[in-house]
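Please find one structure pasted underneath; my questions will follow.
Chain lettering (A, B, C and D) follows the sequence in which the chains are written, and residue indices restart at 1 in each chain.
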Amino acid sequence: MSAVGLREAGAALAAESARFAGLGWMRGTSGNLSMTLGRDPLRLAVTVSGVDKGELGADDVVVVDAAGAAVPDQPNPASRPSAEAGLHARIAEVSGAGAVVHVHMMAPVLAAQRWPDGVVLRDLEMLKGLGRGAHGDVMTVPVVPNSQDMSVLGAAFEAGFDPATPALIVARHGVYVWGEDLRQARHRTECLEWLLRFALETD
Amino acid sequence: MSAVGLREAGAALAAESARFAGLGWMRGTSGNLSMTLGRDPLRLAVTVSGVDKGELGADDVVVVDAAGAAVPDQPNPASRPSAEAGLHARIAEVSGAGAVVHVHMMAPVLAAQRWPDGVVLRDLEMLKGLGRGAHGDVMTVPVVPNSQDMSVLGAAFEAGFDPATPALIVARHGVYVWGEDLRQARHRTECLEWLLRFALETD
Amino acid sequence: MSAVGLREAGAALAAESARFAGLGWMRGTSGNLSMTLGRDPLRLAVTVSGVDKGELGADDVVVVDAAGAAVPDQPNPASRPSAEAGLHARIAEVSGAGAVVHVHMMAPVLAAQRWPDGVVLRDLEMLKGLGRGAHGDVMTVPVVPNSQDMSVLGAAFEAGFDPATPALIVARHGVYVWGEDLRQARHRTECLEWLLRFALETD
Amino acid sequence: MSAVGLREAGAALAAESARFAGLGWMRGTSGNLSMTLGRDPLRLAVTVSGVDKGELGADDVVVVDAAGAAVPDQPNPASRPSAEAGLHARIAEVSGAGAVVHVHMMAPVLAAQRWPDGVVLRDLEMLKGLGRGAHGDVMTVPVVPNSQDMSVLGAAFEAGFDPATPALIVARHGVYVWGEDLRQARHRTECLEWLLRFALETD
């Protein structure tokens, strides 16, 4: 990936991050977003760690490999990816996603407390926003326990992976949502939040 | 309708859509807005489908007929109207509305779960914002089951239509609100949201 | 009052209205704000009726007398004051306020449902924002039934008036808050909203 | 401290204040922010009292000593610090903080009502935003009764001070959060708010 191409990816990631931060879904320096840059070998552009997600610039991005480690040959080799980059990479690899959103929204974390074995959603128009049917199509959003070990989280994700369900809740932590590109991942994130609030309010 | 006139309508629809999106009432790409362009035959300008409603431009609009189908002779013939354009058209035809707002606000969907036979509102000052009386005037907002078939939804709407009640809740989906023009439809949408939140909070 | 002076008042009222509208406290075209222009005879500048309170200009203001009626000799004689201008004038007259805010916030209306005989607040730091003590000073915010007759509302206000309590809740309607000037009325409105939410959440 | 240096501090404090005001955490003129300017003797730059915290300028700042009193030799000697400056100074002295945030968020005040002996948080990823562990690390946020006497509040703070817990809730009042600099104090404030809302919602 050229420096120019990475800057473009970084600018897109920064804009989306600022949007999510404005919604209160990336409090503190929490959360991270990624775009898939290439698949052979797997390369992702991930937002840098420890920075306010409402204030990222186009250079606040780092290229990681399939293990979530920063690759040596890149424009920003000194930037530090979040440990969570490893889960981004696993999700991108398994699902084929072009973009992964990880945010600390409240609704999925509350839903995981209420339904620790998975959150069942059905018969709601907003399900169409996640590529599902509005009638009779049951979507169970998987919930996995929190961990600091991305290989543990990655294995839990993969064990419960359903290609038709582009989301994963990490209990007492946050949510991962993915899509073909950043725009679709954003839309799915927004729709999932709506669905989970509805589920919590009507339980 | 000339291309210039349609652009003006498109710009107005885009501005209102961005406003609703900012309120969180058009998550993902959900919802759509329309303006009545003519009545003989019925023609509506409807926001295009599948696009973020906070990012519409003046050209993201399509002209539809009384069935909600895109008419062939128009500036944006390739644009795709939402299937829901059919319900917009039916509402515009039956009610005489100059503008119809369809948004995925949470309050009406929660209210429909609580009161599936219709939401009764009375003795609230905010009812004046929907053209009703603040004292002793009972407004029942109809609730219809969700469907992907606009003729089914349209028939359910028409069966419960009361000219004094410019709103329709589609259960597990969202709400339609209409008025003489976009501005009035916006104001009624906002007031209805307030009323439904009040009803839910005080139930 | 000169046209220039009234424009300045109108600009200040428009700016404050836009602020409250942005907080969601003036949905539709609801609510109105006023400034006292003179006391002998009483003259108030009041925001015009029927207009989106987030979109007022400096000329969207009308001068009213002690009865809330538009005075004939003024820069905007054709503008229509809200009927509620009569209550603004009564409040300004009785309390000596320099500015009155009337908004349709949800918290006071919910509080009036819960405590129809008045909302008791005490031992909260935020009471200082309304000129009260943070310890042992009991403030009871009066609640009066809604009415379309401003002389009825005015009499109810006056019957319960306490110079140390710059607020009045109209049940199933909204709230009036006043102060020496618009800035102080704003601050008191914000603090009251906080206090009422606290009261509702901890009841 | 030179006038230029204080203006820079004032500008930073004003920007952070506006940010918190926009979140609704500094209603009315409530709350105040400070930066440590020097330690021998202790000097803090504190936002001025009685002003809307969304409208501060770079000069709306005053230099105080270890008792929270304005020092005579400073660029803005006529500015009035809040009485709460005394608690800022005590916190900065005891904790070594470079910045202290005091805001009137609702969540900590509600949490203090629910858990007057301290709010226990554990096993939540967001704890990392306050420098704590996400697993098995128990953080108890101290709660002290409200007082207008800063030496009483300061003594209560110091009695419960744990260097690993950069926050203090004042019951029926608000919260203090601190960090190495304003940015870190902001991030910790945001994360604490999330944690307290989670605790309240899942109790």
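Just so it is clear, a contact is a pair of C-beta atoms (placed from the backbone, for glycine too) under 8 Å apart; a residue touches a chain by one contact, two chains touch by 3 or more.
The UniProt protein names, listed by chain, are A, B, C, D = Methylthioribulose-1-phosphate dehydratase.
Source: prediction; values computed, not measured.
Looking at chain A and chain B, not one chain touches each of them. At the interface between chain C and chain D, under half of the residue numbers appear on both sides, which makes the contact a different-residue one.
Put simply, the C-alpha centre of chain B and that of chain D have 45 angstrom between them. Our note on geometry: chain B versus chain C, Cα centroid distance of 32 Å, whole angstroms. Those residues of chain B in touch with two or more other chains do not exist in this structure.
Going by the touch rule set out above, the chain pairs that meet are A-B, A-D, B-C, C-D. Across the complex, chain C is touched by residues 27-30, 52, 104, 106, 109-110, 113, 146, 148, 170, 172-174 of chain D. Residues 123-126, 129, 134-135, 183, 186-188, 190-191, 193-194, 197-198, 201-202 of chain A are the ones that touch chain B when the two sit in their complex.
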